[in-house]
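First chain written, first letter: the chains are A, B, C and D, and each begins at residue 1.
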Amino acid sequence: MSVALFYALAGAGLFSIGLHALLVHRHLLRKILAVNVMGSGVFLVLAAMAAPNAIALSDPVPHAMIITGIVVAVAATALALVLMLKLTAETGQAVLPGREEENS
Amino acid sequence: MTTSDYLSAALLTTGGLFFLAGTFGLLRFPDVFTRLHALTKADNVGLGLTVAGLALQVDSWAVAGKLLLIWLLALLAGATVSYLIAQGALRLGIRPWKR
Amino acid sequence: MQTLLFTLVLFLILNLGVGMWRVLRGPTTADRMLAAQLLGTTAVAILLLLAEATGSAALRDVALVLALLATVTAVAFVRRTLPYSENANDDE
Amino acid sequence: METLISWAIDVALVLLVVSLAWRALASTDLFKAIVLFIAFGLVLTLVWVRLNATDVALAEAAIGAGVTGALLLAAYAKLRATSPDAIVDRAGGISGIGAISLLILILLVAAALGYAVWTLPSDYAGLGKEVAANLDQSGVSNPVTAVLLNFRGYDTLLEIMVLLLALLGAWSLGITIPRPEAAPGLVLDTLSRLLVPLLILVAAYLLWVGAHAPGGAFQAGAVLAAAGVLMLLSGRELPAALATWPLRLALVLGPATFLMLAVITLILEGRVLKLSPEWAGRLILIIETTATISIGVTLTALFMGAPPGEEDR
């Protein structure tokens, strides 16, 4: 197994951990963190694919895509945080409404 | 290996030990104020010795200057942040640990 | 020399793992944040060692940016989440 | 020995990064989750370094471990001020049979992803050769900057628009939580007086060095944003005179310049953002400089939340 493959598998693992947390937790701040972890997992797979072995020339296109992704992620995170605060100001709770009957 | 290489290796190893000491203090000390004390040892001395050891290796003054800048920055940040955290901890109502 | 540098890098990464324990344990927010500060400084040292070991000078820039931004995060913690006046009786 | 240590470093980093992510998403205390997430970004920076993605490491150090952390901490504080009840994360979205079947489903997804990654062709050459062959046409010698600003400039144009849109979205929600703050005090004031000029200097350095070494507009913009955030944190609000049109101008400077260049190249060269080799270097520098200013101001404004001057509405 190459180093790159090892990191790519870790990226798949991070994505799965994030997906699980996204579905299991109800608090929106936790969901925002979960989406960020999922994104990092995807970036890790991309970066590992940029240098599949030590001999090959490192591919700058995935690196540029990851940088774009990191910036989009921080913008989305900031917007999501404001949306969460707005919802909390309206309802007093930082969870999505509509599930109360099931979880009472 | 030359004399400066041995000196550099000694400095780097000692720096690593200070990081270990800092981490150990962080785990073992009883309250936030004493832990801050441990933290600043790693911050200032550990990073300082590492920077000193690396500065002996580099061949240009510009790189040595950048290393020094990073260390000075860590000194400034460490001192300020430790002060602010200690002040905040007092306001939180945490009393310093007494034997 | 290479071997020593890489060994130190490994040693400091293991240190990071131990420091994580204090973030997990707390007990106060201040404890967690100061542990994060130590993680930041350790990461700076790792980057500087890697810069020397791999001959990649750009890693020193990464270390510089990390040191600067870790400070700003710590100030954000102190100013935003800690109580702001002597008589404030905030929880946590 | 060397390879053994090298492998040990990689294994330790992966274990650390995965356990940090797992603990950040599983801990019941939200503040702990945020600090662990900041540590996750820190370790991820080291992972990018190990994967020879220094440009990405720089972006992660500035954004992932820095700006995102400050944003999360500020949001946590606002959440606590809005409703102390809301920072308690009650467990139990799903329980019992549901939780187990979900776990099985996620494990299946993980196995499928792992298999897909495992069977990816390892002799895949990528676009490294093509980029290297055309690098001297791009106006810069850092391949990542060449891809970002020249070969795939339209991606970056859209990305800067996304940043602006996110700010417009945040502003339109008008979240205003008044928070009385103590005077910064001598120590914090001195720190910000020393650090803000240094941050601006480092931002300019990253912008300049991005042409031939890791660096560039996004990293520089994030460092500039850190300067803005630090000024806000040490009690220096934006003067009212600057909060009106000068702020708006700074926000659209980057996107507008980029868009204008896209239109001009479409008319003159027949293709969006096709930069002719003899002008490319200068044009990239102009785009990057304006983009750095706009990214820095936009991220700072996102940290503020509400448009300045409307906090007391």
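Going forward, a residue touches a chain if its C-beta (ideal position, glycine included) is under 8 Å from a C-beta of that chain, and two chains touch if they have at least 3 such contacts.
On a predicted model such as this, the values are computed, not experimentally measured, just so you know.
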Chain pair with more C-beta contacts, B-C versus C-D: C-D
Chain centre separation in whole Å, for chain C relative to chain A (CA means): 22
Gap in Å, rounded to a whole number, between the CA centres of chain D and chain A: 13
Numbers and ranges of chain D residues touching at least 2 other chains: 6, 67, 76, 188, 191, 195, 198
Per-residue overlap in chain B, given as positions that touch at least 2 other chains: 73, 77, 80, 84
Touching two or more other chains - residues of chain C: 29, 33, 35, 57, 64, 68, 70-71, 75, 78, 85, 92
Which pairs of chains touch, using the document's own definition: A-D, B-C, B-D, C-D
Partner chain D, residues of chain B touching it in the complex: 73, 76-77, 80, 83-84
Residue ranges of chain D in contact with chain B within the complex: 187-188, 190-191, 194-195, 198
Touch list for chain B against partner chain C, complex: 1, 5, 8-9, 12-13, 15-16, 19-20, 22-23, 26-27, 32, 35-36, 39, 42-43, 46-47, 50-51, 54, 57-58, 63, 66-67, 69-70, 73-74, 77-78, 80-82, 84-85, 88-89, 91-94
List of chain A residues in touch with chain D within their complex: 2-21, 23-27, 29-30, 33-34, 36-37, 40, 43-45, 47-53, 56-68, 70-79, 81-86, 88-89, 92-94, 99, 103
Chain D-facing residues of chain C, complex: 2-3, 6-7, 9-10, 13-14, 16-17, 20, 23-24, 26, 29, 32-33, 35-36, 39-40, 43, 46-47, 50, 56-59, 61-62, 64-66, 68-73, 75-81, 84-85, 91-92
